[in-house]
Amino acid sequence: MSKRNRAKKRGSKLIRRKVDKTALPPGSLIRETAGPPAKVPLALIDYDASQATERTLDTIAQALPFKDRPTVTWINIDGLDADTIEAIGKTFGLHPLVQEDIQTIGQRPKCEEYPDYLFLVTDMVRFDEAGQGLTFEQVSLILGPRFVLSFQERPGDVFEPVRARLRTGKGRVRTMGADYLAYSLIDAIVDHYFTALEGLGAQIESLEEQALSESDPTVVGRIHGLRQELSLMRRSVWPMRDLLSTLQRTDSPLVSESVRIYLRDVYDHTIQVIDTVETFREMAAGLLDLHLAAVSNRMNAVMKVLTIIATIFIPLSFFAGVYGMNFEHMPELKWTWAYPLGFWAFIVVVVSSMLWYFRTKKWL
Amino acid sequence: MSKRNRAKKRGSKLIRRKVDKTALPPGSLIRETAGPPAKVPLALIDYDASQATERTLDTIAQALPFKDRPTVTWINIDGLDADTIEAIGKTFGLHPLVQEDIQTIGQRPKCEEYPDYLFLVTDMVRFDEAGQGLTFEQVSLILGPRFVLSFQERPGDVFEPVRARLRTGKGRVRTMGADYLAYSLIDAIVDHYFTALEGLGAQIESLEEQALSESDPTVVGRIHGLRQELSLMRRSVWPMRDLLSTLQRTDSPLVSESVRIYLRDVYDHTIQVIDTVETFREMAAGLLDLHLAAVSNRMNAVMKVLTIIATIFIPLSFFAGVYGMNFEHMPELKWTWAYPLGFWAFIVVVVSSMLWYFRTKKWL
Amino acid sequence: MSKRNRAKKRGSKLIRRKVDKTALPPGSLIRETAGPPAKVPLALIDYDASQATERTLDTIAQALPFKDRPTVTWINIDGLDADTIEAIGKTFGLHPLVQEDIQTIGQRPKCEEYPDYLFLVTDMVRFDEAGQGLTFEQVSLILGPRFVLSFQERPGDVFEPVRARLRTGKGRVRTMGADYLAYSLIDAIVDHYFTALEGLGAQIESLEEQALSESDPTVVGRIHGLRQELSLMRRSVWPMRDLLSTLQRTDSPLVSESVRIYLRDVYDHTIQVIDTVETFREMAAGLLDLHLAAVSNRMNAVMKVLTIIATIFIPLSFFAGVYGMNFEHMPELKWTWAYPLGFWAFIVVVVSSMLWYFRTKKWL
Amino acid sequence: MSKRNRAKKRGSKLIRRKVDKTALPPGSLIRETAGPPAKVPLALIDYDASQATERTLDTIAQALPFKDRPTVTWINIDGLDADTIEAIGKTFGLHPLVQEDIQTIGQRPKCEEYPDYLFLVTDMVRFDEAGQGLTFEQVSLILGPRFVLSFQERPGDVFEPVRARLRTGKGRVRTMGADYLAYSLIDAIVDHYFTALEGLGAQIESLEEQALSESDPTVVGRIHGLRQELSLMRRSVWPMRDLLSTLQRTDSPLVSESVRIYLRDVYDHTIQVIDTVETFREMAAGLLDLHLAAVSNRMNAVMKVLTIIATIFIPLSFFAGVYGMNFEHMPELKWTWAYPLGFWAFIVVVVSSMLWYFRTKKWL
Amino acid sequence: MSKRNRAKKRGSKLIRRKVDKTALPPGSLIRETAGPPAKVPLALIDYDASQATERTLDTIAQALPFKDRPTVTWINIDGLDADTIEAIGKTFGLHPLVQEDIQTIGQRPKCEEYPDYLFLVTDMVRFDEAGQGLTFEQVSLILGPRFVLSFQERPGDVFEPVRARLRTGKGRVRTMGADYLAYSLIDAIVDHYFTALEGLGAQIESLEEQALSESDPTVVGRIHGLRQELSLMRRSVWPMRDLLSTLQRTDSPLVSESVRIYLRDVYDHTIQVIDTVETFREMAAGLLDLHLAAVSNRMNAVMKVLTIIATIFIPLSFFAGVYGMNFEHMPELKWTWAYPLGFWAFIVVVVSSMLWYFRTKKWL
């Protein structure tokens, strides 16, 4: 990928709140006017300790029968279509501001309590091996008494292991409530921060060697890119801590006592991610210092070679030039030993004393 | 725009508290003595759920009939004329310090509670596409039981969408009280921070490429300008957070419970703006490092070329100079193969060994 | 002023606690032994809503009649003479530590509550246009039930506007108590911070241009001096915030409820000063970066010129040198077109290809 | 050790959470599938004031008889085998998340209270004299009513002095409860931080001299390595403070009042370690500045030599070149005193004035 | 003092906890085994308002008669001998951890409350004029109901003024209790921080001039040394603040109400020391920037001289070289005016245009 494209790609991450909402009343959704509404797939999993049902719905109306059952229902929505969000909002009684927040990407992770549900905005990070960069995707969660709604920007997520556990009944997830499901989803998200950190750690290690050797002139750009990734990661992970802290200490009945111990665990993981991000940031800042110092040292070495050669030969050239002059009265020119002894001996003396001088200066 | 002018323009933003008030008692207003008082337009909008009336008033006295009606009244004043502020102050019972604060531009955003009203000072920011810079304008708000007063430095603002919604009755604004109107105005102001951030983000992206390529020598000045804009933005947005936090937690009856949830939303947006400003500040600081490292690398490359050429040819010139000397007794000059074989073969050996040396040093 | 003198002058500000008190018991005053005690002028203003009396006293005993009147009495003392302070201390019942603090310059601004009075230490800052520097002067205030004492290091202060208002009865000051007078004095002090900031802001703007152009080699020293001024300003203004915060929240009956709102106002101004100092500090730090980057860029430009010239002409000189050699057998020398075609064409080819190379490197 | 290997070695420390757990349900242990389960040695010490018994167990079942005795039992487990941890977990009733945390290396030090036991994760640091680096090892402690369990990554630890005291009965350890034993283990761990700091302090001192002399070009890499060690140390020691603070203030009956005073002592030591790490970090950052400044100064010296030589001899060479030209009409060439007086006198004048110029510039 | 020795000396300050205590149980004292126990002088002063008795004791047993008298007793111990500390510990009932802390130098200043006494660890700093460095010495204080014990590392301290006041009865010290004595000792220690700061301030001022002039190449090392001194000072003085804050707010009856006001005073002084240390740290960091910028500017000046000379004379040498060639067919050589007009006029034109070019670049 060219440097220019990398910069572009990163640039587009700086602010992810694309649509101009300044002219809309608070709580409005943005409808893309052209064409028929996109068909957004709703993936429903309904389970209790004994079984798990999986469906793909076309409309939210099909989810209604599941809503009031004693089982736990998880509906995952890929794509932030205004009509779909509004329909879901009506069905589950979501506040207009919640609906707006779900659709507005680039939100800061947060946890808000509403009387009937908790609203969570999280940031899902993935490390793209090919482009060697991070991609962020907003995932909004609604935790209700017996249901969880998850809204993603686009298909593809980190929840596959949770689905597998729901299908097979492995682990505790089927025997516990919607709050444990929400916890499992957050845990999956936080676990992927570690994967991202591993990728970034490998980059740091590889850049460390390159920063010292400098054979590759793009190293400065790559260190800069790494620091930006870490800045973005930091902006994403610090609020996750607040989210989890709020969730853990909430007195909402939606979070049961037995799940709080799990939330403390994922909270600890988040702190660990933050610690590592901060340590990585320091190291990345150190990389540039390292590189600059290496460049400086190398420049010094280059300058020394130039200075040694020039300091030795420029005076010698002058003396050679002197005896290349065409004055008629230059008695030295006629002396027999002037060239072999006088000139060359003089040269040897000059060069020797210069070499000795350079050695005292520790340039050789 | 010349560099000098840009610096001037920025400079004038550093401190915006222009008038010398050191000699005035606290709570005084500054009257510009020359000429008749400027006629300041008062734009009044009076509305309830069913209708909205719009007027342009010449004197504040004309607003009196609206004051005691059950409808909500919004009076917007463009320009900070002492007489107008004093007249409004008397009509609405504003404390002398409030009147002084309204007139003194360059205030820090803040929220102060008075028995009968809340006094808010906010900073409206706009990104000027042409000059690529930010302009700040102080907007003071008075939130009373059934009225809102807004004072601006000059005509032109970011409230047009709110006015449009008041006229058309779109959204909730007409059905709710003066507190919701105040919220809407603040929301409009905070939304424009995002617009400003988008502009600055685009600047960062474009400077990123330039910092590496350096063809443009003004890049240092532009990075410096960007950092100053971010410093000013930061100074403006951090107090906004305190303002909103105070407003949200106030126990004044002027802010109803239903509006607090909206205030929490705009508070979240402010936090997000702060996060982004801090991230941008880091990136801008990184840009200078990037640029310096790139300059350093480039200097190194320049020095290497100089050193290679000089190191090869300065000794050669010396040898050529030696055989240009006019000593009578230089036996080599008479040897037949001295020039084609002796001299050139020597040259080839010297150059080859130097090239080999440079290659081991990885300079080639 | 020479650089050396500026450094000296600044140096003397670093620590202002001159006298060696390590050998004295706590609460001692330092008596300068040589000569008779300096006569320190005591300026007294006694006022109530209806009148204001102004006197210059020779001894504190003359102030006694005013002490118990229902009017408010302000005594200003210029110069920190031990005997005077001790006499006043006895008359007004000041704690020995307070007396010591009044005399010890270089105190940190603070607010201490004693049963009968409040003791305030403040820092008065003035911007010296000529020397372009800040001067700090300690002003101690004693706020009693119906009197205010102010102690200054030397004559000349920022209180003239307050005196004028006392004389003319303009503003509220004559109708209110001693606490409002103390507030007015602090307000005058804080207002002068803004004046100082304006001076420093102008320095930043002017240094900004110079940092980029470098024609003036003293720019580094001046940036350094500016940063030191800001460091000292910062050390002075942060404790002022604590002082005002303490004063505002004190439950001492000496501060009336109606004055607290004014104290909140001057507290806000102090916060604003702090914000601006911090922003200026960032900008001043940025100035040095700016300057170093500009120097670096300029060095690069210089090196490029050197490298281009040397890289072109050093090899050419070698070739000219070759054909200036005196070997007898140099067949080229005899060819008719060797000089006009062979030599010059070769030169043109070499120079052209080098220029083309430099252009691909973007050095031209 | 080569630079590359050192980087590798350090790299592997950056993230120590090796195994990919993203696909496992929370609370799972990782079983290495190939081969029979490793046999993990369990070292048991059972003691009271009068005696101490030492055993090496093969299975946890053998520990059961000790569990309910009134004596204190310490079981140390080297190696994090899933089956062993699970068996111990069952025997002592450990929460699945605790079991998972014990096995997951790279945990952040923390203290968690469970109804029947306290769970502590600590970081044991050791300074490797040979490789001049730090190695971290996770040690998990379970503090029960009359037992302590300690889990280590591999054999070899810092607890030998504690064992010796248990065996000989020296000090208080045998007369006190399990909480004092846990304290002794933590104290041993914290004491080793001081040993590590001494090693790092010696590195700083030796690098300080090298940074100034630069004869060794690897100094930059070594400073960088030192800063990374300090970053890792910092990441490890800050959470230890929280751990000890929690432990000291816990209201769990597992920590007796008399032990809290000892915990305060080890807490103080941790603060001292943190202080020293922070001071070292500053010094290490200063080392790079020192080195860069030294390199810069040295480069300046090199440049001066080059400039002096080149500035003197390049013009002289030109003049020698002029009189080496072969124009037919160069009248100077025929003057008798042109060479000895005209030429050499001119040279002497030029060189003298240049030397005088350099002296005024303080380059000589 | 050589650079190497200064580094050594500083190095030894980095960690002052010399003895390896990792193998000792907590609360142990280290006995130096070789030779008979050192005889440690115990200096006793016993006083009340009317008299003061001074004794030098050989054993602590001699102090017993003074212990239960109503007078205040101060025992100062120079040297940290294990036997002496243990004997005193037994006599005054000191906790084993307190005894260990007294002996372990390099402790962090702290204040610990025990039922019968307060235990204070402080850091006494002295500025060594000769070596221009700071020396730290640990002073432990035990404040009992009617006695104060002070333990120092070695003879020589800052308490002489306090002793003088005790002997002469000057000041309040003889009329007040043991708490006032303890305060006086702490006050003497804090007063010496100011002396140290004055010494460092003078160093900053002198380094400021040197950083700009660079004639002295050791300036980098000295700035680095200064920064280390400030780091160590900072590590020492910050905990003093906590100590005094704890002491002031303690509810121990050992500290009387009337002494708390004095403790507030010395607390304020400590804050002032901290402020100054932080300001100095900033200035010292700025010094290196200043120096690097000055070096950079100077390098730029050197490079310009080289570039101007080389750029002018290298092309000229080439042209002189051309007409020094020995081609047979060089028609210019035979033209009469070629040398005086053609050559020299060409030279003048080339030099003039180059000088003009340099002037447009502002290099001249």
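Letters A, B, C, D and E name the chains as they come in the text, with residue numbers starting at 1 for each one.
The rule is simple: contacts are C-beta pairs under 8 Å (C-beta built on N, C-alpha and C of every residue); 3 or more make two chains touch, one makes a residue touch a chain.
For clarity, every value in this text was computed on a predicted model and none was experimentally measured.
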Item to check | Those chains which touch chain E and also touch chain A | outcome: D
Next on the checklist: Averaging over Cα atoms per chain, report the distance between chain B and chain D in Å.
Outcome noted: 41
Item to check | Chain centre separation (chain A, chain D; CA means) in Å | outcome: 26
Checklist entry - So which stretches of chain A touch two or more other chains? => result 292, 296, 299, 303, 306, 310, 314, 317, 321, 324-326, 330
Checklist entry - Chain contact graph: line, ring, star, complete or other? => result ring
Item to check | Ring topology as an ordered chain list, initiated at chain A and continued via chain D | outcome: A, D, E, C, B
Item to check | Parts of chain D lying in touch with chain A, wherever the complex brings them together | outcome: 3-4, 7-8, 10-11, 14-15, 17, 20-28, 95, 97, 101, 106-108, 110, 112, 214-215, 217, 220-221, 224, 227-228, 231-232, 234-235, 239, 288, 291-292, 295-296, 298-299, 301-303, 305-306, 309-310, 313-314, 316-317, 320-321, 323-326, 330, 332-340, 343
Checklist entry - How about chain A: which of its residues touch chain D in the complex? => result 158, 161, 164-165, 170-173, 184, 187-188, 191-192, 194-195, 197-198, 201-202, 204-205, 208-209, 212, 261-262, 264-265, 268, 271-272, 275-276, 279-280, 282-283, 286, 289-290, 292-294, 296-297, 299-300, 303-304, 306-307, 310-311, 314-315, 317-318, 321-322, 324-330, 361-363
